[in-house]
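Presented below are the structures under discussion, each in the form of structure tokens.
Both of the next two complexes hold subunit A, though its partner changes from subunit B to subunit C.
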Partner chain A sequence: MAVDTGNNTLIGKPQSRIDGPVKVSGQARYTSDYSFSGMLYAVPVGATIARGKLLSLDTKAAEAMPGVRAVFHGGNIGKLYRASFLMADLVLLDEKRPPLADNDINYFGQYIAVAVAETFEQATAAADAVEARYAAERPVMNFDLLRGTELKQSDHRGDAVKALAGSPVKVDEVYSTPVQTHNAIELHATVAVWEGGNCTLYDTVQGVGNHQLVMTQRLGIEREQMRVITRYLGSGFGGKISAWGHCCLAAAAARNLDRPVKLVLSRRQAFESAGHRPATQQRVQLGASAEVKLVSLQHDYVNTTAMVEDFTEYCAEASPFLYSTANMSSSSALARRTIGAATSMRGPGAVPGSFALESAMDELAYQLRVDPVALRHRNEPALDESMGIPFSSRHLTEALNAGAERFGWSQRTPEVGSMKRDGLTLGWGVAVAAWGAGRFASSATVDLRADGTARVSCGTQDIGTGTYTVLAQLVGERLGIAMDRVEVAIGDSNLPAGPLSGGSLVTSSLVPAISRALDEASQRLVTAASLLPDSRWSKARPEDLEVVKGRLGLKANPSGPALSFSEVLQQTGVRSLTGTGLSDGTILEKPKLSKHCFSAQFAEVTWQPEIARLRVSRVVTVIDSGRIINPKAGRNQIVGAVVMGVGMALFEGTEYDPRKGVALNSNLADYVMTTHADTPDIDVIFLDCPDFEVNELGAKGIGEIGMAGVAGAIANAAYHATGIRVRELPIRIEALLKRNQTGRELKKEPWQTHPTTKTKPQPHRANDSPDAPS
Partner chain B sequence: MDPRTTLLDCLRETIHLTGTKKGCDHGQCGACTVHINGRRVNSCLTFAAMHQADEITTIEGLGEPGRLHPMQAAFVEHDGYQCGYYTSGQIMSAVALLKEPCGPSDMDVKEYLGGNICRCGAYPNIVAAVQAVRRHSLL
Partner chain C sequence: MRAFTFKQVARQEEALLLSDAHAGASPGEVRFIAGGTTLVDLMKLNVERPSVVIDINRLPLDKIETTPDGGVRIGALVRNGDCAHHPLLQSRYPALSQALLSGASAQLRNMATTGGNLLQRTRCTYFRDTVWTCNKRVPGSGCSAIGGANRMLAILGASEHCIATNPSDMNVALTALEATVHLQGKEGERSVAIDEFFHRPGTTPHIENVLRPGELITAVSLPAPAPGSRSLYLKLRDRATYEFALASAAVVLTAASGRITHVRLALGGVGTVPWRAHEAEAALLGKGPSPEIFRRAAEAVLQHARPQSENGFKVELARRCITHALTTAVAGGGEQYGS
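== the complex of A and B ==
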């Protein structure tokens, strides 16, 4: 039976989170909140060089300190295995080298030992007392990534090089984004408890199932010996998908000492050894005709990766299908640097990629002297030109129109610095983005209980996105019961295998699994009818019965007598009845339709040239991501993504000392993130167009798409206000000061309000952009 | 008590009041905010041994499910969180703010809560929750 979408009371309505009261009262238990009798504390020791060899370790002083139970290192921690990468299991692991595996040092902070003591203070002091000798080599730290790097082509159609050469209007620029660190406020933590060869890990992870698989391999035990629990996660943003080295250190220390061990990374350690978004350098070349049509698009990029790990930040993921163009190509390469392993961070690839492509599109709009929104409309594709297949749904045109209307875009005057308000110069910019939609393979069970409650269980987790609440909505809706009658059990690898919280795929994966679990439970309720005392039910043929909103009735008489599931179970003496549902994954399938979500971002900045002060004052974000199950949590998530996008545009970047390879701003004061006071007015529009190709409710993901496009829109707005095209994020005051005194008269040719075929193209000259080096 | 033990670690690891969170251990994120004698303090920046006779209020002392403090209830109503990890600190700061000379505007509240980072970016909802409580308490 399909989910009733027409007459629902819970789905699509703003719902307060069911886990709200425990979160606001300090009762929600996060990983580091767990403590056990006899528990020890572990503190890792990190290398103080970025590249070279560990020659020797002296742990004697540390071992003799009060309360210290052990200092483990490569020589005494026991075997830690390299995890295999099995696509069939979709195991995600971005640092494959096990900790302490050899004496090679590949990045600053790489673990060389771990101190374990009775208290956190004792373990911290012991870790500080471990002495290491190194043979240091020069770190590899330059971020001019494209220079001298050979790129490998990944996508192409037509002949982009030739088409560009023949284009009357061209853009050819390089855009850079820095290393960014997730900085979930919850520190990475592992509490490891062994009981007779079985290990329970309370861990800060975005996928309890993925973590179970990886840690089983790392520790050399069987799957049934490993249980992973993450009841609440203090957010992750991709940084808590991989099982980082400290998880192994905690688990191995607890096994060796036969006592529970708690290990909480410091904020500095999280910067060094628990992942980051890699730095990128991207060259975008666009060629356009006089008719404002893209004739060539090339997107070539290099991202940093660790010396012994491969991680690709797919910056050009959306470039093959975002716009219509006959000639397209992209290529990429990795640049090995002596920094820790890179990993996924919110909107991996799409976020830095959109900044580059959408900045280039804005530059093209200025060259063509056409409105940036009109330029995008003009190049809207009818189908996914990269695969030659239709989109399952794509409402980017509507998104741009809705955003432009809400933002007041028609009031925009395109000349740089031409808009003023309250003595400030305004800049208005736009950018669009795309993110994949689909499903992870998932299972879930739903129990209907005689007391009228239901229990849904799934080995997924809520990382702050509202998964607890969405599950209660899905089950409550179908059974016609209030959300507080639904018990939600998640965050435990013992539960039916559920989706990883990554890629914005949890809700779209769970919708079919829950629906099928409820189908099976409903079918069993029909079967149970034969046991009912009333012959009206027990004599009825199963095919004549149906369950609607949790009530058993006759198909032929929908408004007639019906029994609630609780009445059926009570009258048949059954306590509970279970249905299991599976949904298939889409990750490895060959698509017949191109499934994506889209966004359009409109940003306003204010600019005070006298003091070179740039602020983001307003963002309108339009999300085309199918049906929104809980608009209250959904809107919050998009607002949060915009907040993070403001940080990306103006503040964030991990800075490394090129001589030592150490992250210099590895704390929350020097790695600047958006605070309350930096937050602009944020307006969120959900187009709410269901995409039934993804699942029966038409729900797609929203976690990543809300961030993609924000930095590009802000950078474009900054150009509109200042005349300075900043192609390296974050947009720092230095970049704005550099050109502040040399404001340049802009060309006075007329602007096109709508693209026409009469445009006179502006010839491209390399030194013709307002911010060309003078 | 180990003289090196911060008030934060004492609350969490010794007394097992784990509602107060550690986000940076440097006084930079505000997740560990508690009230000491009615004033908000980053509990990671002060040693436990310095507070023998002080009155300390943590999130657990404000209210619990079923009898939430008005500020806690407002955070639920306005969805003033996502992951909830930094929420204790935001709420402890917000409750302290009610007695501080904070101006009436949203921008005033944003400045007064500037030391409490929410990486999920639920800031507008947090400000809405705080302002709803302030408006109610004026009536």
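== the complex of A and C ==
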């Protein structure tokens, strides 16, 4: 039965979150809110060197401290296994080495032990008291990633090098983005409870099913022995997809001590050992004809990765199909550095990639003296030129037009510093981006109940994006009942396997699974009709009956008599009736159509050269991502993404001291993120063009595409305002001080006229000699 | 965090007796706790390791009173938020109110106190993380910031032993307003001009001010505002709020018949102590306000700048900060802070 897409009452309408009331009243239980009698607290101990060997650990003093129940380390924690990693299983795990696996230290903060005590304070004190001896080596920390790195080609068509050489107009620049840390406000936490051989993990994860698979393997138990529960998540942004080392430490400690164990990472530990977006350095080379056509596009990049883990930030993912050009190539490599494992962070690849490519496009527009929007229009492809297949849908031209119109782009004067308002210099910039669309395999169950309510259950989770609400909408719409009549059960790996909350794929994955579950439930309702007392129904042939909006009626007489599902169930004495739906994933299939979502971002900055102050004042963001099921939650996603994009452009970056490989700003005061006062006026436009190739409602994802392009648009606006092209994010005051207040480039940086203090770095006495205790 | 004894006191004498009894051999063994926003933070980081913590929040030091000479006396326990929003201070000492509101967040300001703010410690990363050597934390161990991440640190008043900035906004305004700090020790009361309260690091960066072990700050007083003067605070930083200054300026200025007849200028974010710019003041006094004069004033103080590997930009930033603050003061403007 096809989904009725017209005449909707719930879908496509702005809906408040059904979990809003429990959240704002503090009743929603997040992971660290779970406590059990007899529960112990675990605090991990991190290495204080970034590279070398752990020679010995002295845990005696820590073990003797009040309340301490154990200090576990590699020698006594028991076996923790390496999880098998098969892309075919879609198991996501970015730090494959189990914690405490050996004595090799490859990043600062890598776990070397875990202290377990009756209280959090006792465990913290014990963790501090663990003494380690190391043989330290020099950390590998430079971020000049392209230099000396051999790249491997991944995409190419035509001859990009030759075409570039023959182009009258060229751009060849290097763009860099720093390590960024997710900083979800909810800290990573695990509460592990064992009963017999069975383990329940209350955990902060973006995929209860993925976590169950990984943790089962890590702990060496069977799948049915492991249950993972994440009822609410205080955001993830990709940082809570992987099962990080601390989850294993908590689970193993609880098993060893036969008591529940709670482990909550500190903010600092989250910076060190629970993932980040890797640093990237990207070289973009563009060649264009005088007719404003791209003739060559090369996008080569290197991203950092941990010494023993592989993580690619696919910066050039969109480059092969974003623009039309006969000659294109891209290559990449990993740069191993002594920092923790990198992982996905909102819009992995697309976000840093778009910054580089779209900055280069802006540079090209200036060289060609053509409007940046017009440049993009001129190079709009008719099909996905990388695979030679059509797009399932692509409305980037409309997105650019809609954004330009709302933004007032036609008023833009391209000369640097030429636009003013209220004594401020304005800069206007634009950028576009793309993100993949598709589905994860998913299943779901819907129960129709005699009391007229329904229950939908699925082993997915709501990471703050509105999944609870979307499920209530999907089921309520089809059954013709209000959303508060739909009970939504998610966040539990015991439920039918559901999608991971990653890649912006949850909603599009759920649509077909729910739809099929409802088809099956409807079919059963038709079958149940034979038991109804009224012979009109019991005598009817099943093929003559249908269920529309939860009501059983005769196909031949759509406006005739009908029974609601609750009437059918009541009259047949059935309490509830179940339908299960399965849908397959698209991730591994060979595409016949190129499926993506797109965004066009327009940004305005204000610039006050007299105090070197650059602020983002306005963003118009246009999202081409199919049909939007819940515009209210959708807008919330996009606004949040823009806020994060502002942070990426102007503030965010994890800084390391190369001498020790330590993250220096690993707290919320020093890791500068966008505050409310920095948040611009944000105007979100959804094009709302359904893409039925992705699913029957035409819905794609929106979580990542909202962030991609924002930093590029802001960097381009900053150039328009200041005349300074900053190719290294974040755009900080020091870069903007390169011109004097009238906009003239300063020959010599002003401070170079001042003598620098003649001081050499002092030797580090306490911890520097390789095997000194630390 | 090291285990500690927690004592609450209701009377000043009690506080002094206790602190004196425990002051003991090593400095930092005993600490007063006011708002706790610096102290508890640093205790959790194992940077502050007192064995005794004396809670002074019940002492009657939370009043703002006018003084017979037309000035004002602000108790050591007045919360930063209350101080910033006090109508008298807002109207007569706007630089102080603005400086307070430009700092930290509303939540922190509601806890933080006058005394605690005066004594807040540097935000130098290496000071706050015990894996690093730091002369301020462990005298003689070495300064990790020199040649390290020193973007936030000082260009004025540094030594080869320490380049940490005094991070307080309030202190900058108090310096321009020529505040006096009132102290009470076992030997009795004394008062110290703010300009003499803080020590530059020199060879002893762990000694930050004139406070003797066990001594209590009781109040800060401000003289009556100079007749016809205006004051303001300008803070420059990466984001719009909730961040320490990269450069800031507090200005108190009177202009009459086209001349600057009175001026006080103090800088924040650039000095190892709240930086009173005497030479700039001298360059301004008696002159007609003009961009050229303001630039010369900035030059007068910044000629002494000694930037580090990462903070050379602060020279230009401070130059713009000073000239803009002076320009705005003359024009009678000012920024809104408070988010």
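The rule we apply is simple: the second predicted complex is superposed on the first by the 739 of 774 C-alpha atoms of A that agree within 3 Å, B and C clash if a C-alpha of one lies under 4 Å from a C-alpha of the other, contacts with A are read in each partner's own complex, and residues count from 1 in each chain.
Throughout what follows, a contact is a pair of C-beta atoms (placed from the backbone, for glycine too) under 8 Å apart; a residue touches a chain by one contact, two chains touch by 3 or more.
Computed from a predicted model, the values in this text were never measured in an experiment.
Contacts of A:615 after superposition on the shared chain: subunit C is touched, whereas subunit B is not. In the superposition on chain A, A:258 contacts neither subunit B nor subunit C. In the superposition on chain A, A:121 makes contact with both subunit B and subunit C. In the superposition on chain A, contact is made by A:235 with subunit B only, not with subunit C. When the shared chain is aligned, subunit B comes close enough to touch A:267, but subunit C does not.
Once the two complexes are overlaid on the shared chain, A:675 sits against subunit B and subunit C alike.
Once chain A of one complex is fitted onto chain A of the other, the partner contacts of A:26 are limited to subunit B, with no touch recorded for subunit C. Of the two partner chains, neither subunit B nor subunit C is touched by A:195. Across the two superposed structures, the residue set of subunit A contacted by subunit B and also by subunit C is 121, 124-125, 669, 674-677. Contacts from subunit C toward subunit A in the complex involve residues 1, 3, 46, 123, 125, 129, 131-133, 138, 141-144, 146-149, 151, 158, 160, 163, 234, 236, 238-243, 246, 302, 305-309, 312-317, 319-321, 323-324, 327, 339. Considering their complex, residues 16-17, 19-30, 32-33, 35, 119-122, 124-125, 182-187, 232-235, 237, 264, 266-267, 463-466, 632-633, 636-637, 639-644, 667-669, 673-677, 679, 682 of subunit A touch subunit B. Listing the residues of subunit A that touch subunit C in their complex gives 48, 121, 124-125, 128, 610-613, 615, 650-651, 655, 657, 659-660, 662, 664-665, 669-670, 672, 674-678, 732-734, 737, 741, 749-752, 754-757, 759-767, 774.
On the side of subunit B, the complex with subunit A involves touching residues 2, 4-5, 9, 12-13, 16-26, 28-29, 31, 58-60, 62-66, 68, 72-73, 75-77, 79, 81-88, 91, 107, 109-111, 113-127.
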